[in-house]
Amino acid sequence: MPETVILGVIGSDAHVVGITILEQALSAAGFEVENLGVQSSQEEFVEAAKAEDAGAVLVSSLYGHARQDCEGFHERLEEAGLDVLTYVGGNLSVGQDDFESTRERFREMGFDRVFDAETDPEEAIASLRRDLQLTTTEPEAVRVDS
Amino acid sequence: MLTDTRLASDELQRIANELRDNWHTGREVDFEEAIAFHESLPHSKEFATVLESADAPLLQPRAGVPCLEEQIELLRYLQDEGGADLLPTTIDSYTRDNEYEKAEEGLAASRNSPDNELNGFPAVNHGVEDCRRLVRALDAPIEVRHGTPDARLLAMVTLAGGFQSFEGGPISYNIPYTKEHSLAETIEHWQFVDRLCGAYTERGVTINREPFGPLTGTLVPPSIAIAVMLVEGLLAATQGVRSLTLGYGQVGNLVQDVAALRALRSLGEEYLPDDVTVTTVFHEWMGGFPPDEARASGVIGLGGATAAVARPDKVITKSPQEFQGVPTKEANASGLRTTRQLIDMLIEQDIDLGGIDDEQDLIERTTHALMDAVFDAGEGDVVQGVLNAFDSGALDVPFAPSDAAKGAVLPARDDDGRVRIFEFGDLALPDDIKQIHASRLGERARTEGRDESFRMVADDVDAISDGKLIGRPTGDSDLAGGVGDAD
Amino acid sequence: MLTDTRLASDELQRIANELRDNWHTGREVDFEEAIAFHESLPHSKEFATVLESADAPLLQPRAGVPCLEEQIELLRYLQDEGGADLLPTTIDSYTRDNEYEKAEEGLAASRNSPDNELNGFPAVNHGVEDCRRLVRALDAPIEVRHGTPDARLLAMVTLAGGFQSFEGGPISYNIPYTKEHSLAETIEHWQFVDRLCGAYTERGVTINREPFGPLTGTLVPPSIAIAVMLVEGLLAATQGVRSLTLGYGQVGNLVQDVAALRALRSLGEEYLPDDVTVTTVFHEWMGGFPPDEARASGVIGLGGATAAVARPDKVITKSPQEFQGVPTKEANASGLRTTRQLIDMLIEQDIDLGGIDDEQDLIERTTHALMDAVFDAGEGDVVQGVLNAFDSGALDVPFAPSDAAKGAVLPARDDDGRVRIFEFGDLALPDDIKQIHASRLGERARTEGRDESFRMVADDVDAISDGKLIGRPTGDSDLAGGVGDAD
Amino acid sequence: MPETVILGVIGSDAHVVGITILEQALSAAGFEVENLGVQSSQEEFVEAAKAEDAGAVLVSSLYGHARQDCEGFHERLEEAGLDVLTYVGGNLSVGQDDFESTRERFREMGFDRVFDAETDPEEAIASLRRDLQLTTTEPEAVRVDS
């Protein structure tokens, strides 16, 4: 059974292009994707993760307010009894901070991985496979089995 | 059931009376007195008259600041130093969300500060008289440009305030702008706006209406943009609008852009009633810009060159500071003048581009298929057709944040840089047309030695801001020159 | 009698020895040691190799300041921030007049002052070793660009200094640049320069030569520019030059510019010996620029678009500060990047322009007639042909300050903006071709409701800097839109 | 017999477009034109005026050094015994002086008329006709006579 991944843009952010492409990439890679779309609240992420028994939650933010929008997100997940993998990616800070300090900050908030806006979908997918300990089901391998 | 029928006079009156109480300036609106104000304006401020009688593309920038005096100053600069033929007034985000209270706070804060605390001109808060001061202060006609799903009160105030052109529409100001407004809701609200424009028009004050052509601004296939324009045009015509400017956003391929603008005009004349005057507006590239004013000027230059060949009635210009957000007035005027120079140098030249007719034919066939799907889905009623077609995905817009569109369609450029459809979702297109798109994208895949995939889409979205048209795989810099030498 | 024959080795040697004493740096020149220096350079600094193997147009700016360190810094900026593929070193005016003493004073003054007291890099004064420091310091190949009628010592020093491309020629650096040098004198001097390039070439160090295509930069009819390029190419080939870049300056009409560049390449291959590799260079508009950076960027954008369609091997870019003279390095880099953006967005597009073949055919027929006149006038000898043809006006250049050309030819734009000949003087063209020019200008005269006259010429000279292509009579602003609607 | 006009660009100036067009305009208007071309010296103007028994000398300058280049010109004409009409035109000063003061300066130097760079050839021709008291020989009039 394919692993389910929750995907969405948090807060009041309406940047849709990134998650649209990421959704396609995840589906093509064999994941079951629940795309919450833009302007999704923490609550919507938590509810979807619970309802879908998701393996991972991917939070996107491109308008520079990710820190405020993600404040308390992991506490909410914990309250809901969810022990789910969490990634965050995009333009995560407004200023000219170097990305390492931004990554550190979001790691402290509880995210398992933190990506910048230049990250390829493939990179996120490879990380997901590693973190979820999925065997890489290469198309060739599938064909041999079937 | 919401249908494509003209709003009754008493219904228009009833809604207007309700809206009047949403913000105090609504109470200043007096239709008869507004007609008298419009009649007092010279012909040179009649938007439809100026636009429809032009014999070369007119240029119009985007611009809006919170305070009246600064807005007058800004528009005067763009008119005098930029040479704008038509002026805009861009409305702030709070007004777009009908948050007049917050807009009022932002306006007050802007008045007490050197900074602008709003990203546009809060016309509802300014009210009828200040709108008229603006209209009186400038020489060129002014349009309201906004992005407001429920623009009813904004329309009441600004039309009474002397504006004679109003951008937007129930699909084009819903799908790209918001997440949760239903199409039924925005269609109902825009029936009011269009009916109000119709009421002015019937009294001899023609209000120009301009559906927002670029939609999500991100590689929108021309046929989809045009279908939305035609649908919004039909809905507006039903309510009595008689001056319609249909829009299209540059995709960057010269042949496809010229073909699309010709198809837009031709289909507009085909689908819209004879008593509607159809004009076209070309938006310079609405996607991501290079973070470099020199390269950005190049993108704008291509927009000007395209306009010189396609000859739309109007061009909405970009500025070389597009990358960083709101431009200075100098940069805004620069975009106007760079565009003007290209148009002035090229417009008298006889430029006959091969392949336009074929591309135009493909766009028209595709648009016909989408329009047929809308009519079928509504059993002849356009409103029901739009609702059902978006619901089923038979009509869809790529990269739509709105839940009202499936957003399953994905575009990608073909080997020539034309926008094709990579993922159709449930888009109502016949197999032969789908086949053409697939085969063009297949050509590109072979050129690049990779499969057609979402990677192409992602690469294409960033390509122009990276200084290219087509998002080719990196590390293969030989491709640009390898594809057919024109000599 | 001066004829088109190869300069004998001992003659080359004798002249070189004389020149060596004109300025002390001449004595540093050692041919064998120079060959060794060239052989030590990587392929990426071999001008001909880089130019001839490119698969898309390479971009090159103009730039020269007096001091070495500043020149290195300037070129590095244009290479790194402007993305120049090929670099220039523009020589100062005193050196162009062989006034090395004055150049030395200017160089000394510039070293002691924050201002540049020379308008270029005095390469003779710097000498061989400083030229090599420049060549070593940059990654891209560098060309000597100057305007020197007697460039013999300059060539000796700069070629020994590691430059591998040298602009100019006996006609193209005489007619537009000076008043009283005779063509016989400049031809003799350039035979030396070309023979020197040939000597390097024979030793495996290919020196690229680039006749100056734009000539007087003012509405030069393509056939005249191309005939001069062919003649200079033939003279250079006789002396052993094997890498020739023929030039052409943008006139601003897209179809005529593309046709001219194709004709230039095709005629270059037809007239020049098979062992010469012919490449082409397109100069962005060399006439007056608008006094406004935004409009100037538009002119540059049209240059980039033209280059994308015509695909010359090289483009010499202009800057948006062209109007005010020498640009800042930032503006110079801007011109490069605006041009690059247009080329990168357009070059993969299949742009098939109607009318190119007809225009190219007209240009080729006209050029053939001029070349026939040159061969006839010299009874087969190109040198004698050039002297006699210019003397009689059978070959002529419009707006030539030089007494060596009759300067009786006057150009004007036709109704489509293409450059035609209004006044032929004694230009050796058959009546049928003259008839075509006259009839095209007659069309324009009818459109404008005035006679063909010098007024059109005067209006056209100023048109682009005034923001138009064609110098239409003022007060008739309806014309632009009235001439045929493309839709 | 047509009146002869001497035309040239004075000093080291090489701007040729203006006088090329002016030469055409003068010829078309029926004048005999001796065009000295660019980079012409005061001496060349004087010699040509004498040799051709010219009615007028038209001096052009566009590179901003007209004042230096014209210094002493009228003294030379006087020495040569020439009482000829003199015009000067072009960009006559480098700075941002208003044109009226420039005109005043060149009038004081002895020029009969002073034109700026925007002057149409027709204007100069009309002045010449007036100053030389020529009957305007319209093409039509000529045709009636012949």
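Labels for the chains are A, B, C and D, by order of writing; each one numbers its residues from 1.
Convention: contacts are C-beta pairs under 8 Å (C-beta built on N, C-alpha and C of every residue); 3 or more make two chains touch, one makes a residue touch a chain.
Being a predicted model, the structure only gives us computed values, none of them experimental.
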| item | value |
| --- | --- |
| For subunit A paired with subunit D, centre-to-centre distance based on mean C-alpha positions, whole Å | 80 |
| Centre distance in Å when subunit C and subunit D are each reduced to the mean of their C-alpha atoms | 33 |
| Subunit B and subunit D: spacing of chain centres that average the CA atoms, whole Å | 57 |
| Chain contact graph, described as a line, ring, star, complete graph or other shape | line |
| Touching pairs - complete list by chain label | A-B, B-C, C-D |
| For the subunit A and subunit B complex, residues of the former touching the latter | 14, 16-17, 20-21, 24-25, 28, 37-39, 120-121 |
| Subunit B-facing residues of subunit C, complex | 54-56, 252-255, 262, 265, 290, 292-302, 304-305, 309-311, 320, 333-342, 344-355, 415-417, 464, 467-470, 478-487 |
| Touching residues on subunit C, where the partner in the complex is subunit D | 177-180, 216, 218, 398-401, 403, 407, 410, 423, 453-455, 457-458, 461 |
